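You will see chain A twice below: alongside chain B first, and alongside chain C after that.
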Partner chain A sequence: MKRIARDAWLYLMAIPILLWTLLPIYHIFLFSISSKDSAFSGALWPAKPTLRNFETIAQQHHFYLHHFWAQIWNSLWIAVAVGLITLFVATCAAFAISRLKVKGGRAVMNLALFTYFIPAAFLAIPMYKAMGIFGLLNSRWSLVLAMVTLAAPYAIWVLKQASDKLPYELDEAARIDGATPLQLFRLVYLPLMTPSLVAIGTYALLLAWNEYLYAYLLLSHERTITLAVALGHFISADDSPWELLMATGLVYALPPAAIYYAFRGYMVSGLTSGAVKA
Partner chain B sequence: MATVAFKSIHKSFGATKVLHGISLDIADGEFMVLVGPSGCGKSTLLRMLAGLEEISAGSIAIDGREVNDVESKDRDIAMVFQSYALYPHMTVRDNMGFSLRLRDFERKLIDERVNSAARILNLVPYLERFPRELSGGQRQRVAMGRAIVRDPKVFLFDEPLSNLDAKLRVAMRAEIKALHQRLKTTTVYVTHDQVEAMTMADRIAVMNEGRIEQLGEPLELYDRPANLFVAQFIGSPAMNVFDGVLRRNSGGEAWVEALGARWPVAPEVGGSDGQKVKYGVRPEHLAVAPGAAVPCEIVVVEPMGAETELLVQSGGTPLTVLIHGRPNVHPGDRVALATEAAHVHLFDAASGQRL
Partner chain C sequence: MSQWQTWGAIMLAPYVLVFLAFVLYPVSYGLWLARDPASYVRLFADPIFLRTVVNTIVFLLVAVNLKFLLALWLSGFFVHERVWIRWLSVLFLLPWAVPSIPTIFSIRFMFNPEWGVVNSVIFRLTAQDGPNWLNDPQIGLGLAMLTHIWKSLPFWALILIAGRLSIPREQYEAASVDGASVWQRFKYVTWPSLRTLYLTSTILSMIWTLGDFNSVYLLTGGGPADLTHVLATLGIRYIRLDQVDMAMATIVCAMPLVLPLVYYMMKNLSKSDQQ
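On to the complex of A and B.
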């Protein structure tokens, strides 16, 4: 009886929250399957649902969508690169700090974390300047490097906490068994860190996929911008094609949802693994 | 097979000194046990031999070759950890073969060695399992298997049985000893359990606060402890020790006044008349004898079948008496205790050294 009462209470809380969260997404979906005329009709379901908008997107048949495929490719390319490079940097750093106990490693990590005290928006202008000096403006690499910089401190911290939890005897056993630090890293450390690595890789990938401000600043050419920036352009017109904007937004939201769904098991165990210092 | 030699080994962690000049020679094929309370430095000494701790001063030699600056992997040692330290993502087979794989052995040779070790340790049915699918005793055996396949010069054991339950511990103790008798590899074994030390060792080094208190064969330590620490550390139940005063008369007789009674000592014992001493006698060397010199009261009777342990009070001091068989005594009984001078251990009260 007590259980039922508690469950009922939970449902009572959960249902409004769920509706609150899903309503905007439903709204996007509704727009995306409506024709231009009926998009603002206010109906809960369009009189004539259509997939025309998606067709328009795929064929790039609109002024704002002329480079759709190039832009989504940019987004994907940059997100994957950020994910991989962050993973590489953070894993090596965490291994060096936590397992090899390199002198000053902790200080470096704390310094890196300290950068989070400065809002990323403040760093945008210096970053723009730096990329300009390196001649990287309007190149995908500028955004990749910027996002890796933003993602790495958190990634290092989470991976360091996770690797602190691996028993140190494993390293000692491997050393006695004859493993060099590189073999230890490859044959013992990486396999045991897999859940955390997947979680952090996904985190960095999604961070880059969703980035707007830096992408807007660092990339400016129609063919080099990411889809996030392209979506922003939609609103610059007086008569924005809302139904196309929403349809593109829906397409844009699918890859992260798929990635998150694929790795959901790792996300829970990986991201909480660094949360509490045991 | 190899000898191991420690020469005036010192170790400090920052300002804390944990080892104060340890010298110890271990013979080829010997089973040496380092035993002592936690914090005595025994594990540190072992880890220095393994190459897992820096040597602050002194030298360690394996088979006559100084290894101070030799990497763990090049010392030709194998170690069994208290936590087993098995690689969780590898099968038993891969765990055991890992060291050979790192040394670029041929797959066939690795399989041969792993299979042979698995047969010795009864691990054949478990070779394709992961460590998480094994019981504590099986994991322990895998850890030993990982050491065996290497065919190293020296086996190192760091409290390998501490994580097992009591029954398994006794079984594994016998297994390790049998393994040593079969392979005859020089072994250094660290434990805080004196029973393990007594039952397994060829020789024991009893350590305390960074020093070796006494080095010797198990029964030698038991029969002639060099000082109070060893006397009280070795033996279960522990030796009875209480304060007394040594008395001698001109007739050459010697005895100790303690607990309001007169206790026998051998006349040839060292020490002078009036010297403050610690009188030590093992529980099995005390006997309940009618009309004996030392009156006491029985507090607890613990029958164990073959033996009976009595906790008694004499002059306000608790003593333990171990008696073969089943004496007809009950708590509250007033009895008398007797002992023989030959079984008495006498220590100087100030220095704790044997007299």
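On to the complex of A and C.
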């Protein structure tokens, strides 16, 4: 009896949680399968669901969508580059700090953590200025390097935590066998670290794909911007095509959501354990 | 052994270069640009600035604390062992898993006074026109806070769920045997174990919330009449107006808010790192 009462209570709580979570997302989905007229009618399900919006996007048949394929390619290119470069930079640094015990490693770790704690929107301002001085504005590389700067501190932190847990006897055995540091890195360290590397690569990739502010500041030409910035352009006019905006937004949101759910096991345990340690 | 130190230095070099070029150099240069006291005089003379500081503090105190109370409550809900609750928790993560731009625009259109679904429901129920949501500075800022909560609540609920799951079961069983009520179990078992995690998470979330540009900019654009800005969006606004010194001065003024929080987090993390 007590259990039934508690279950009824749980069901009652589930309803507002579900509505709160899904309403904005359902709203995107509803708009993207609606024609303009039915999207604006306020109905909960369109009278005639349609895939026309996606057709318009694929054929780039709208003023805001003339460079859709170039822009989604930019997003993909930048996300993959950020994932790979962050992995390279952070894995090397974590190995040097945690396994090679390089002098000054601890200081570098603290500097990285400090960077991690600077609110991203604050760092954006001096970063924008510096990219201008480096002559990188409007180049994909400006966004790639900026995102590597943002992703690397957390990546190093998580990888260092993970590699501290590997037994040191491994390193000593390798040294006695006359292995060079590079051999230790390639043959022992990388294979053992694979799960964390997958989580961190995915983390950096998603961070870059989802980024709006830095992309908006650093890239401005129609052909160099990412899809995120292009979505922002939609609402510059009063008569925005909201149904196309939502359909494009759905296309943009699906890959990260899919990747996220595919790697959920890795992401949740790997990333949350490092985020906050009590 | 020096071979190991040499390789250590070589492998640390890529990150050190990234740090020097894209953190240390920009920040030093930015601070140098903000050295002129005149920019601060102009900043304080800008009527938007004071309003922005108040908005930011309200945003931090109200949104972050409300978010954590909700997260604490939700974590208690999600630790119940039911199959359907596990499925619900998978759905519940969606706001965190999808990028903010489409979802924030979606919320923005829901509150469109003429065409949005919220006002059309209000009209159907009451035959009255609903409020002009995002054109009212107070409601606009309130909705920006709700948007922020909607987006980041799943992440923090997840952290607190992990915290609750690490509390030994026997403690709850012992409490039940002693006939403890739900409130007493929370007060004497859950909260003492969760308190440190709850506080650290709140501090970390406050730092990140200071840098939350999207929830305000994509929802209200800082409007109406620049009344809903927070420090993050105000800085970017000055950049767009090509007033870099003002943008940097804005950040410098935020430092008294940021640095104590960062100091607390750094101390905390290096303590747990040594253990």
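By definition in this document, the second predicted complex is superposed on the first by the 249 of 278 C-alpha atoms of A that agree within 3 Å, B and C clash if a C-alpha of one lies under 4 Å from a C-alpha of the other, contacts with A are read in each partner's own complex, and residues count from 1 in each chain.
As a working rule, a contact is a pair of C-beta atoms (placed from the backbone, for glycine too) under 8 Å apart; a residue touches a chain by one contact, two chains touch by 3 or more.
It should be emphasised that the depicted structure is a prediction, and the values quoted were computed from it without experimental measurement.
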item	value
First, second, both or neither for A:L170, with chain B first and chain C second	first
Touching partner for A:V188 - first (chain B), second (chain C), both, neither	first
Touching partner for A:L113 - first (chain B), second (chain C), both, neither	second
Partner touching more residues of chain A, whether chain B or chain C	C
Touching partner for A:V102 - first (chain B), second (chain C), both, neither	second
Which superposed partner A:A179 touches (first chain B, second chain C, both, neither)	first
Chain A - residues contacting chain B, complex	167, 169-170, 172-179, 183, 187-188, 191-192
Of chain A, residues touching chain C in the complex	7, 10, 13-14, 17-18, 20-25, 27-28, 31, 40, 42, 88-90, 92-93, 95-97, 100-105, 108, 110-115, 117-130, 133-134, 145-146, 148-149, 152, 156, 161, 180-182, 185, 209-210, 212-213, 217, 228, 231-232, 234-235, 242, 245-246, 248-250, 252-253, 256-257, 260-261, 264, 268, 272-273, 275-278
Residue ranges of chain B touching chain A (in the complex, touch as defined)	50-52, 71-73, 77-79, 81, 83, 85-89, 98-99, 102-103, 146, 150
Touching residues (chain side chain C, partner chain A) in the complex	3-5, 7-9, 11-12, 14-16, 18-19, 21-23, 25-27, 29-30, 33, 74, 77, 80, 82, 84-85, 88, 90-95, 97-103, 105-110, 115, 117, 120-121, 150, 154-155, 158-159, 162-163, 196-197, 200-201, 204, 207-208, 210-214, 217-218, 231-233, 235-236, 239, 244, 247-248, 251, 254, 258, 261-262, 265-266, 269-270, 272-273
